């Protein structure tokens, strides 16, 4: 009888497991399907407008002559500063907090502060960048001002993700290193960071994508809407892809909405390539215990 | 191996520190200085918000600002009660969490515990693409895809409504929650899973009773990040939720969030230095304080939960 | 009566042939020891008995393992119930990051026991069984991670006992324990034999000799010799066994 | 005209002689309403003078003036006239801005194409609908014979120049308006709203109507009961018969920059016939010729 | 000559008094065993000798530990160089998630050896010393995580040998090893004694008796008895020691 009971109960647990398996799977598929619908919508709108001229032309008042060259260049310029800078600052901060910081009020304050910065709306960073970088530091509405603003914006995300990744490294590995006479810094560089890198990469991918796709703060910091020259230095004016797309989407002419969709396709392609590189790196380093 | 001979009066560990050790002493200082950048950022934000909103609070009392139920600063007879904007932000965040927390959490569990490795390695990056799509794209998606579906089910729905924007904000933050939660779950050592399986646990029990508790702090962190993102989201709500500050708590009606107010007003036509213009900063500082309070609360919750285990 | 029957079992980790044509019958309510040098496949074989190898993607198995006459690799077998019947203690302590109480109560809880009193009783009995009760009875709410390595392993034994299994698999359960606790566990194992079938992997030949009824000697994935413990240690029929147990082998 | 159809590179080559002489940067920022004209002018101007770089941004009229005050730009786009405060701020910096109207934007009141009753309305009726505290909730509240159906209102948000002008012209006081309409800062979104709802009504810039004539209908406006109803069109806006919703839009170059040859030349081009044609091409209405001449007369 | 001198050492984990007034002199080039029941503080004392307890925030230490006449808790002591002189092997295998080669080369590398040839030599010698070379010599590039538990622990021993320490601390280094490897390690320990001072924590009294010159018996954080191994096992002066080594104790 007990056996029967156990089997009945087991069937119930298995059924529960099956139901939840289905639920978890549908959760995942929900995201995938949402992405699929979005992509279909964008592709059907924009694919017809995507050609070589679109990539090599500047913006124009005429939809069929419009291109995204300056915006691509601007985004690349911006990311070439934002990505390394935010990565270095973010990982450094995470290392400091996880490996060196004593548990005192000051470091708790920094921690709370970072968690809070992660929640500060991007538009507020725009106001900050405008005041500090554009006006006080006198960088003007330049690539540098935009890049630094975006760096501050994505910094907390990288810090928090890096911290979680560093926390996950078992203490026995640190002990092994210390016992061999490694100092803290050597342990960090040779044991902690290599193991934490996959997690750090994931956080960084997400935040770089965010920097590439972010519109509002750059509107405020002053990426320009119409520019036909490419930046040749960090103090030059620039525009970025989301701003160009936003500008097109706001125009009254229907054709420009297709141009905007074509721009989105290019932007997504750029994001995909970035993700691909990062995932490649992540898989290369990922070793599961 | 035997080249090592030391007189007993000479202990090498009393030698002066060299090379690597000076690096070891220098690095914490350098890192601490770099960590200070985030503090400077906060100081910068606070100083700017306070100095710029000071003029506003001279013209409008804080009491009126915090308790008024009408927000019409740009109309001929301005009212400066921020509650409708807070309500709008709250409604968007509520809908977004109802969508994103269970779905993000569910897919994290699926990816970490159920999915075969290949499937996981394929799906996770796909979900991460969602995080990179510019928010204006989501905005149009809400307006041209989600809203019509909602209107089909509930015809009296406004063209701009909190529900549609909230759902799409939720979709946007799913990958952030699922990806970061999955990372936290992935970090739980397999030996714990084996122990649980060996006692006859189903996958679900291993996931919910062993892995999730062990990864709890990482999961909470991902939730907080996701919600902060929902609170701070600007473009989606600007495009899809309308621009009508509204305290009715009706999800089918047009609302306005704090962020949407800031971006439309900062781009719009309010004269520099006027009280109307300074409302941007007054709203900005409110938003800042709200996210601060929320984070403190989340930190408290995660600490309290963790105590039990450590 | 043999409760476990292993027949022509081969196991591969990818390309690596880890178990080679293993056949073996294990008697009910007896203690069987697996001995052999490191890497010879003892843990691997142990894990085939409760299908823990299912977790490892690269594993390929052929042959049959029957428990009570049922092939446990039959697709209709309910793996969870199988594992409830077959408790397991691992080589390295792996307590959950929960309180001591919750660690032990985990198994009974998932198998449907809700009653607080009943749980309290199971927890106490299991901890007593694992010779840990006296040390932790006042700290049941404390995290298991605060215990020393030896205490953690005993906690894991208590956790396995709590699901009241019929067969108990132990993978070097005492390798992290001090002699006193080891003795207690060994005594306990002898006691449990009254009701349970026990299979124990050990490096400690004295232990095998002391506690087990039958011993299997493994080498490179093969069973070299499997016979009554007294026989195997006093009068091994294989040269390799003799070399190993007399320490001449390496 | 011819020039706007000329491919840019060829145009530039033809004009090589003059392009040699001009170089420099021109920075423009401000109203999103004026942006399409400035962009079009900049595009053609740069084709003629390829050593001149013109950048055009759109951050709203006020931010344009702010950038002008801060000295970040030479020309501000504005969909409204400069305010005293802004003039004072410029003065404090030792600057002065020159007002140059560049086109008309005929704010258009639109309804759904299926709406066959409200094709013409008086200013009074519009005021009845849009004024602050308005009690109109159904079409029949305006005229009894109109359908007894709820009226759905769409319009620009209160931060926009269009809102300010419309409320001033219709309701009599700037920014005085009923608040329970559906506002959006994105005019395309308003187009969508009105085009999907038979009982909807809204208002926005003429260019958005022109581009969506197949989805929308424009309301003809009568200044009073006895006047003739005038529909918005290039002609009626230009000759001033479309009243009272024709508003001029402006650029404000800073006075000190007018002596710079590239800026002078740019402004001349802006006010030239080519420039006027560009304004019409992007959906606005050119001003009477004498207004451009007056602008040009302010150049040194 | 005593190389390690421990005097009046007290250690607290927060409120918990884990080591009580421990005094002990350890001879150079000898093997000292720490025995005692689980939780008695053996590992804790071992960790005070290379200051690994520095890592645990709650630890408070009073008293003195001198190595070669220098108090290692003197603030001017260079902890990293101290630890280079004092190798350590832990209770549980803890290889780095790196290749076998990189695990062993880790220590020499951080102490400044760059030369590939020199490294190769150190890696080979150390792996030989840990009786692992033959099993892994063709797989040096493979991840250490692919090794069995026993192999992993031997790798950790090789890693400790690679920094060429003067003193070697071993916390139950063979508890995860099979008897053959254990024997090899025991032999190795005997060999190393020629040049090194070795302190070994063990649960295995036979092991203590076999390999060590001196043995310390711990109970509840106190040293009950510390004397020559042969003396302690044949003729303990304390009743408690006798009870423990004869297994009467618990």
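Chains: A, B, C, D and E, in written order; residue numbering restarts at 1 for each.
Here, a contact is a pair of C-beta atoms (placed from the backbone, for glycine too) under 8 Å apart; a residue touches a chain by one contact, two chains touch by 3 or more.
These figures come from a predicted structure and were not determined experimentally.
With contact taken as defined at the outset, chain B and chain E are each touched by A, C. By the document's definition of touch, common neighbours of chain A and chain C comprise B, E.
When the C-beta pairs in contact are tallied for A-B and for B-C, the bigger tally goes to A-B. As a whole-number value, the distance joining the C-alpha centres of chain A and chain E reads 46 Å. Each chain gets a centre from the mean of its Cα atoms; for chain A and chain D, those two points are 37 Å apart. Taking each chain's centre as the mean of its C-alpha atoms, chain C lies 82 Å from chain D.
Residue positions of chain B touching 2 or more other chains: 20-21, 24, 144, 189-190, 202, 205, 266-267. Across the assembly, chain C contributes 80-81, 84, 92, 110-111 as residues in contact with two or more other chains.
Counting partner chains per residue, chain D has residues 32, 59, 186 touching two or more of them.
By the touch criterion stated above, chain D contacts chain B in their complex at residues 31-32, 59-63, 65-66, 69, 79-80, 83, 85-86, 89, 132, 154, 157-161, 163-164, 167, 173-177, 179-186, 189, 192-193, 196-197.
Across the interface of their complex, chain E is touched by residues 103, 170-183, 186, 190-191, 194-195, 287, 289 of chain A.
Of all residues in chain A, those touching chain C in their complex are 6-7, 9-10, 13-14. Only residues 20-21, 23-24, 27-28, 30-32, 34-35, 37-39, 41-42, 44-45, 48-49, 52, 102-107, 109-111, 114-115, 121, 123, 125-138, 140-141, 144-145, 171, 174-176, 178-180, 183-184, 186-187, 189-190, 202-205, 217-218, 221, 224-225, 227-229, 231-235, 258-259, 262-263, 266-267, 280-281, 284, 287-288, 291-292, 294-296, 298-299 of chain B touch chain A when the two sit together in their complex. If you check the complex, the residues on chain A that touch chain B are 13-14, 16-17, 20-21, 23-28, 30-32, 34-35, 37-38, 41-42, 88-89, 92-93, 95-97, 100-101, 109-110, 112-125, 127-128, 131-132, 152, 155-157, 159-161, 164-165, 168, 170, 183-186, 199, 202-203, 205-206, 209-210, 212-216, 219-220, 241-242, 245-246, 249, 264, 267-268, 271-272, 274-276, 279, 283, 288-289.
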